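Naming follows writing order (A, B, C, D, E, F, G, H, I and J), and every chain is counted from residue 1.
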Amino acid sequence: MGAQFRETLETFENQFPDRDYTIEIVCPEFTSVCPMTGQPDFGVLTFTYTPARKCVELKSLKLYLQQFRNEGIYYENVTNRILDDFVAVIEPRRVQLVARYSPRGGISTNVTVEHQAAANQ
Amino acid sequence: MGAQFRETLETFENQFPDRDYTIEIVCPEFTSVCPMTGQPDFGVLTFTYTPARKCVELKSLKLYLQQFRNEGIYYENVTNRILDDFVAVIEPRRVQLVARYSPRGGISTNVTVEHQAAANQ
Amino acid sequence: MGAQFRETLETFENQFPDRDYTIEIVCPEFTSVCPMTGQPDFGVLTFTYTPARKCVELKSLKLYLQQFRNEGIYYENVTNRILDDFVAVIEPRRVQLVARYSPRGGISTNVTVEHQAAANQ
Amino acid sequence: MGAQFRETLETFENQFPDRDYTIEIVCPEFTSVCPMTGQPDFGVLTFTYTPARKCVELKSLKLYLQQFRNEGIYYENVTNRILDDFVAVIEPRRVQLVARYSPRGGISTNVTVEHQAAANQ
Amino acid sequence: MGAQFRETLETFENQFPDRDYTIEIVCPEFTSVCPMTGQPDFGVLTFTYTPARKCVELKSLKLYLQQFRNEGIYYENVTNRILDDFVAVIEPRRVQLVARYSPRGGISTNVTVEHQAAANQ
Amino acid sequence: MGAQFRETLETFENQFPDRDYTIEIVCPEFTSVCPMTGQPDFGVLTFTYTPARKCVELKSLKLYLQQFRNEGIYYENVTNRILDDFVAVIEPRRVQLVARYSPRGGISTNVTVEHQAAANQ
Amino acid sequence: MGAQFRETLETFENQFPDRDYTIEIVCPEFTSVCPMTGQPDFGVLTFTYTPARKCVELKSLKLYLQQFRNEGIYYENVTNRILDDFVAVIEPRRVQLVARYSPRGGISTNVTVEHQAAANQ
Amino acid sequence: MGAQFRETLETFENQFPDRDYTIEIVCPEFTSVCPMTGQPDFGVLTFTYTPARKCVELKSLKLYLQQFRNEGIYYENVTNRILDDFVAVIEPRRVQLVARYSPRGGISTNVTVEHQAAANQ
Amino acid sequence: MGAQFRETLETFENQFPDRDYTIEIVCPEFTSVCPMTGQPDFGVLTFTYTPARKCVELKSLKLYLQQFRNEGIYYENVTNRILDDFVAVIEPRRVQLVARYSPRGGISTNVTVEHQAAANQ
Amino acid sequence: MGAQFRETLETFENQFPDRDYTIEIVCPEFTSVCPMTGQPDFGVLTFTYTPARKCVELKSLKLYLQQFRNEGIYYENVTNRILDDFVAVIEPRRVQLVARYSPRGGISTNVTVEHQAAANQ
């Protein structure tokens, strides 16, 4: 299933591959569905990555994330799955994804996942 | 007594045990009772943990914390006791609990406790 | 039931009855219980009143509000009932009570009720 | 179509019909779809109403609003339509609905609609 | 000159002409050029209007405002001219335009202009 | 007792008696003592007045307020008494005093008192 | 003395004399000298005016205000004097000047003065 | 003199001496007197300490700090002296005290002092 | 093309070359054009650098940045190109450039690039 | 010239020379004159230092800084010169000076300089 979603992600060539620099992308309009209750969940996703040869194309990232709109999936799982897709397609030197979910039952949850390329560069 | 309370805590299996990631849970509606004066205390609890094989189930955490609603217990003790229960049931790689209590007599108190698994991983 | 609760409220004599002035009291630590789900509710109560012959004694107001700690009652009803008790005991020239409740299911609710003495003064 | 949606809205009896008071309900998780581009829109809806004989039941309001999740409809139209549904079912003495939509193309839009009962009371 | 610019503005039919309601549009990315110094100016424009038979189409408003990007014009004049164009094309019942310009020489300027239709409705 | 305190207040002549204008003075460092518990209270006093023939001299106002440092007096009484002293010495056309006291027992209190000269001017 | 200062103020013709609109100018870098202590004072001046036939030229306003940099003058007097100069040169339909001075001895002062043309228009 | 003051400080036994944890105590209502001018000073004291065998009792800390209310002492000296008293009575593993004083003459001062037990543990 | 733009940048001699210090320059009014859509982009640029023998002249930096006003160029590329120009002309010991771009399609992007001189000094 | 200015700075003896502690002094009312344009500049200076044998006397620091009121000097130079004067007179173990200047031409500048005593202590 994840593999299908990640086909939406597109990239463009990093014009400055010799420089180790950082791109932060904030997506405050992420929404999915709780698989338990069927109720919608809302969150803010923040990607912080250092590109190797490829950068993520922003419009394709938006369309990728919209695919979760009616998808039933838990906080912890959706965060890890999005990171896996991002790593598989963009192949960054390193990437961090922070997901801040809206409160439910008076409790709010944030999940932070990271990936670093095995051979850095 | 603590042992009884902690039976309320439930877990689900961590689907990404190979990744060292962080889950932050903010509970702004914690209340207990001061054993000295009988007056209610209010606080915000923030758990930040790295799961090993288990994640805490959020609704059970809420019910666990509600058990302190009419419990007479000091700031320092309740914070340490909740950490002990969390460690006993969730067995995380590492966990920090920050408790920010409402001011009393013009003075406010925050307590920060941490635990790290002996053999990390 | 309300009548029993209101017996906790105490007053002291307004030393400046000839002046039409305003006292605002903010109580950020109000909590009751949802009669439907049994879950605790949290709110911030703000009283704004003009005393006639009596002022509310603050410690008695705190104890009065603590009586709702384990009381099952709806937002709209508890706000109106507290106003009725305040009017019955303090007999102010006018009073407004704003209750701001914590979000539930992603939705937050505020209730505003007012009372004005028939013959102002 | 609107008539179908509004059947989800439920009410309970206003216990204090003799008092002219105000209930404010903030719903920060509203989302619908732009009929032009097919892209999701996000907004914060704030209802402020004075009940006559009926109050809106909060959970039913949440479910009512979730019906717009995959509905293609313009800002101005969805705001007016929700007000019409609210008036038809709750029959309040007066109601205001403010909808604050997330920015699109660097421009953000808020729509404010109001209704007052012909014979107030 | 103004007449040329205003041809970019497009409208759509107001579906709720019987209701007197308010649409607020915030445009934080307005920029023109100071005719004196040739330096760019930056501002935030906020339109607040009540539609009669027509609403402004948002994308056309964005394109209309972009025409000022390389236009040399003073604060007071550009604000009044944009209001005139808005009134001529949208024919609202009433409209207010607030323009907040970035500080120059340690001094910041805001201009507020309003228009009301002669025969309201 | 109040008469003694007010002798500290000094004035200077209003140079613009024909203009009806407003002077706001914010004193965030007011402290007195609770007559019940002997504990210190803290507050922010804001005077807003329209001078007639006299303006209050700021340093004398500071010294006047410092006299309450070890004075045991209730919130409502100290606010009214300070207003009375201000009116007696400054004789303003109108004056408002807002006193915002620090929270005690989780409850905070603000008192607002006003005076208007009988014959305005 | 005031007359000399005001000669620095320059105007340009209001291009929209038929419209009653508002110009707000915020000057956060005003400084003068306390005539008592010789210490510098700092303030934020906010002009809000409706032009008749003339608008104030911003650079000349900046130079006008800089003349007070080493001028010994009290808060109340400098505020009134600047308003008088503004009215004499700009001849607005109406104008308000709010001056917010930095705290001295823990006390901060704001002065608000207004002028309205005798025959409005 | 310091020795006399510190006798007010009381402790209770740390129930979790094996855990290295942190207690932060914020006291926003500290006031003393400037020995130069006789004017009151105001500050916010923040203690951050790791207890060894003893924790500070909060009410006794409040009473201890109130002893400085009419004490003439400089910023730097009072901060160091309070730290010395805290270390002498509580004997923490480590402690930091940050004192933030209100502005005087447009200048504000913060003093940060720290102590670490010679043999940690 | 970049070489042409950078000729606008001017420098002045660093008077304190023996001290390793930091200059931060915040430019909140940067605007360029998206090469894909032709729509204007807006951003805040923050330079943080340690000068070697030369400092950047601020007015020339402003004029340099204005050259991008009608330039079609992607976020990642413009940020890297500005850093290259800055390094080529100013030859700092080290420099960081953070570019925070306004949201597009609900998504905002920040790019951070850094350069350190090969032989530091 | 700098030598003359620094004679204004006075010190008092550090009573706690054995403790390595930090004093932060914030001066939000610094103003000098741009040597290029003759226009006044405004800034906030923050000193953070660890005293050795001497502490700076606050009133003398205020008078020292006021000497720059009509001095024509560039941002980078004035910041370094003030640090040099501070080091020469106070001889601290270490000191940092951060100067945040008000925006000019839409661009704001902060300069951070540091000094550490050769032989620490």
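One rule holds for everything that comes next: a residue touches a chain if its C-beta (ideal position, glycine included) is under 8 Å from a C-beta of that chain, and two chains touch if they have at least 3 such contacts.
All of these numbers come straight from a predicted model, not from anything done at the bench.
Steps from chain A to chain J, minimised over paths through touching chains, total 2.
Any chain bridging chain A and chain F, meaning touching each of them, is among B, C; the list is complete. Each chain gets a centre from the mean of its Cα atoms; the one farthest from the centre of chain D is J. Against reference pair A-D, the listed pairs E-G, I-J or B-C yield one interface repeat, B-C (criterion: more than half of contact pairs the same by residue number). Chain geometry summary: the mean Cα position of chain B and that of chain G are 57 Å apart. With centres defined as mean CA coordinates, chain F is found 46 Å away from chain E.
The distance from the centre of chain C to the centre of chain F, with each centre set as the mean of the Cα atoms, comes to 28 Å.
Among all residues of chain F, those that touch two or more other chains are 28-29, 39, 42, 102-106.
Pairwise, the chains that touch each other are A-B, A-C, A-D, A-I, B-C, B-F, B-H, C-D, C-F, D-E, D-I, E-G, E-I, E-J, F-G, F-H, G-H, G-J, H-J, I-J. Against chain H, in their complex, chain F makes its touches with residues 28-29, 31, 39-40, 42, 66, 69-70, 102.
Only residues 14-16, 19-29, 51, 55, 58-59, 61-62 of chain G touch chain E when the two sit together in their complex. Interface residues of chain F facing chain C in the complex, by the touch rule stated above, are 76-77, 79-80, 103-115.
Chain J meets chain E in the complex at residues 39, 42, 102-106.
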